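Shared between the two complexes below is chain A, which pairs with chain B and chain C, respectively.
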Partner chain A sequence: MALAAPAAHARAEATYRPQANRLGLWLFFLSETFLFSAMISARFVTSGTDTPEHLNQPLALGITIVLLLSSISAYLSENAIAHDDRAGFIRYTRITIFLGLVFTAGVVLEWQEALADFPAGTIYGSAFFALIGLHAFHVVTGIMALGVVLNLGGKGHYGSEDYWPVEGTVKYWHLVDLMWVVIYPSLYLF
Partner chain B sequence: MDTDEQLERPVPSSTQQEKVRLGLIVAAALAVLTLIEYVIAVGIDDPLIWLLPFVIAKFALILEYFMHFSAVLGKGDH
Partner chain C sequence: MRALIRAVSGGAGGYVIAAFVTSLITGGSVSDGVPVTFGYIFALLGWLHGIGVWNAWAREWFGLPPKPDNAKGWTRYFTFSTDHKVIGSQYLVTFLVVFLVGGLMAMVIRLELAGTGEGFIDADTYNKVMSMHGILMVAVAVAAVLGSFGNYLVPLMIGADDMAFPRINALSFWLIPPVAISLLSAPLLGSFEAGWTAYPPLSVVAAGDGQLLFNMGVITFGLSSILGGLNIITTVATMRAPGMTWGRLPIFVWATFSASLLSLVITQFFAASLVLIHLDRVAGTTFFGAAGGGDALLYEHMFWFYSHPAVYIMVLPGFGVALEVITHFSRKPLFAYKAVVGAFLTIVGLSSLVWAHHMFTSGMAAYLHAPFMVLTEAISVPTGVIFLSAVGTMWRGKLWMQTPMLLAGGWVFNFLIGGITGLFLADVATDVQLHDSYFVVAHFHYTIIGGSIFGLLAAVFFWFPKITGRMYNETMGKIFAVWVSVALALVFIPMFWVGVNGMNRRVNDYQQDLETANNFISWMALLLGLSFVLFAVNLVWSALRGPKAPDNPWGASTLEWQVSSPPPEHNFPLLPEVVGHPYDYGVPDAQHAVVGGSAKSED
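Now for the complex of A and B:
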């Protein structure tokens, strides 16, 4: 009888913990969506749909494709660990981190050019640097989270029965991509 | 290939291969939509209304196929 309670607790944990984790993650995503929506709204309220002529369109398109590619490698990474393919998980996570770093380097280049064309003190500059900066911060934290799961995965953690940390991190990475899907046209194309 | 190598590199299951194929198709669709988006934006003045369907389509593709959003609503496999 005394052992029944811990056993029931363990069963309940196994049943409901993944659902609770996922629900918590999606609520966090919802709050992130509010944050990005507010920033994107501010961009249109303050400067309409006007975009400066000096935006580096090829560079923006290039980093957009890099981020989309990182999303597919992140997807393949999660898929690999879900099927106990550790080598595949490590390979695709490394590729995702590399592409994330390439994207970040592209943003740094873009900032250097943008600072000369429309300083942060201008209306469009404020929206541009705030939005890109907020997004880049999420990319950097995503790279750090991917680094943690790569390190632990390399040490033998995670498997087909227990890969929630990888799933959560990869979903966060997809959120970063999702936000860019809206930010990119909002700042460069409209 | 020796035994150790076989242990390190498991043969992908058919389910895994199907998911990989699906992921690659979605990625290709995203790339095509992005390129069309770019061409429209460069070629048309005030392209907001023309670009919105592409933004929504890309948003939906990532949300459904990469983030498995329908699973939150009690459908799908995640």
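Now for the complex of A and C:
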């Protein structure tokens, strides 16, 4: 009787959980890609590659650089928690959130200028506000998720063995960044 | 019940407060676009918070211990339960109710069409009832089989104890009641009248602000479909029991997996197109308004990029049910299992490349006609493979003509009619004549009722003993199966004829010489509607008073039949081990799985 294993009614969660989480996240990304593709194709179908002259190109380039930098700090924060470097995790997550907020503030500035030059009732304006709005919504949810993992990480959650929520959030942040890399040229660089 | 009361008050409170505050800020009326939009968003959040998303889930995000609602007995159906069997039952009951409500609207439509001219209701009301019937039934077809039986059976059939993401699963169900409530309460804001397709410019310029609730409700429904699809794919990919290889998956699991692949990605296009309609109505953008330089054809492309493959989200699970039932009730291995799996996956790929066959008369570029015609006709090849499998499985089998088998046979016949008449609509030359006529109405009712609803009905009777632990009444079931099949033919075959003779769809009037035929169709529609009274009586009475069902009344081989009826809380007392193909009927010494440590015989 000593050899009898404890009765299990299913596979142990540890045997499938990491795989399931990763697959689920990537499926979600695939789905999101279709959403952004739909919106970007709407821009090209309605207004072709037309771009108004009054776009604030330096501001757009600036916030693009800020968002790209935030992906680096996000990567460093995931890397830090994977090596049990809690102080590093907190530092880099804070930097990522800060850069995300700078980006959001840049979008707000940009919208105020844009509203004066091309209202939403023009075809370029429609695409501009819808696409950047959709992306900004993703940035804001990303900042909220980063805030959640920062708060929990500060309270001692997560470690090198158990940092899936950080990994998932950071991967999401990279996705948001990647979407901007497609949206920015679609709206500004033609 | 406390959770449900909290959810309802959270939803109502969220709506009133958000709409009121927003109307103060914008300085307009509470029924304007912006207050309604924010009202809906906060109503949804309030509803989810009340039903238990905060307690069972979101508390974790703030480092607080989650407090799941551990209700037992029947009240757990009204909580944020993460048990896939509870969620499957919630889906099933919800969508059967929505199905009957949508059916009542069909009765109203037929009452109006029984004679020419404005009879029972005026033209405006007709448009609204027709739009409501459309969207409710589309929702039923999309989620009734996939959401209910997909959730209930996929973990059982692959030998898992639950879905991969149980809380996301609960969330995808609890997003549904707000959708139903917002669609059914749309008349309060003036209803929606652009049909379930919501084509602009009508959906943008129509006076009824119920269109706002339509947009947001359907976007929410899309979110639920996407999350549900994601969950089923992940569950099948990562949680199969030892020995359950991809080649041993029951065919119903393959069908739900394929439908989930579609719903995961393409639903985003419907969501995006409705977001743009909403922005055009509320935020003053001009995506579809020709006056501002927009393009109404853009909507049709985006919409059909979802809505054509969506037909396959509706029918693929129905195919799975029918093949499952046919193999068990023919006592033969499923014919051409691998070819059927290949056909499912081919349909997934092809179905998203055929959308513009809905637009041959829309004025899109002419060079698109031929490729879309050829691609559309190509999809009849994998569909034909599935038919061949159904017929080949029945061929020289020992057919056991119980209710599920009768309905699966009805599926073969009805979907065949739907499929063959589809060729006339795929072909450009005939489609330009038949477009927007009742021929189209008859065709898609044959495909969706034949492919999806007959699958649903067969599934309801086939798994009724497993889910409720009681047997349905076989005599009533058989009468229903014959009744519904005959009445369906009497309603929809004459519709092909009136369509060819020039009757327009979506219009409440028609030419005088079609009155006799339409009058006949309306009487037969009543006959069809009445069959569902028998259906409802049988199910309700049997669920309450039916005789106790054995664990495996059909002697079926798949895993869900190897546990008690209804299944225990964690599905399997011991981790099952899969040792063979699921459908090896008649193969000596064949066994599908070892459950509970000892082999079960499958005679």
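The working rule: the second predicted complex is superposed on the first by the 179 of 190 C-alpha atoms of A that agree within 3 Å, B and C clash if a C-alpha of one lies under 4 Å from a C-alpha of the other, contacts with A are read in each partner's own complex, and residues count from 1 in each chain.
Simple rule for what comes next: contacts are C-beta pairs under 8 Å (C-beta built on N, C-alpha and C of every residue); 3 or more make two chains touch, one makes a residue touch a chain.
Keep in mind that what you see is a predicted model, and the values were worked out from it rather than measured.
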item: First (chain B), second (chain C), both or neither touched by A:L109; value: neither
item: Chain B versus chain C as contact partner of A:M39, first or second or both or neither; value: second
item: Which of chain B and chain C A:L59 touches, first, second, both or neither; value: neither
item: First (chain B), second (chain C), both or neither touched by A:K155; value: second
item: Touched partner set for A:L69, first chain B, second chain C, both or neither; value: first
item: Partner chain(s) touched by A:V140 [first = chain B, second = chain C, both, neither]; value: neither
item: First, second, both or neither for A:D85, with chain B first and chain C second; value: first
item: Residues on chain A lying within both footprints (that of chain B and that of chain C); value: 23
item: Chain C-touching residues of chain A, taken from the complex the two chains share; value: 7-11, 16, 19-20, 23-24, 27-28, 30-32, 34-35, 38-39, 41-42, 45-47, 119-123, 125-127, 129-130, 134, 148, 151-152, 155, 157
item: Touching residues (chain side chain C, partner chain A) in the complex; value: 61-63, 159-162, 164-165, 226, 230-231, 233-235, 237-239, 241-242, 264-269, 271-273, 275-276, 279-280, 283-287, 292-295, 298, 301-302, 305, 570-575
item: Chain B residues touching chain A - in the complex, by the definition given at the top; value: 8-10, 12-13, 15-16, 19-20, 23-24, 26-27, 30-31, 34, 37-38, 41-42, 46-48, 51, 54-55, 58-59, 62-63, 66-67, 71-72, 78
item: Residues of chain A that touch chain B when the two form their complex; value: 22-23, 26, 49, 57, 61, 64-65, 68-69, 71-72, 74-76, 79-80, 82-87, 167, 171, 174-175, 177-178, 181-182, 185, 188-190
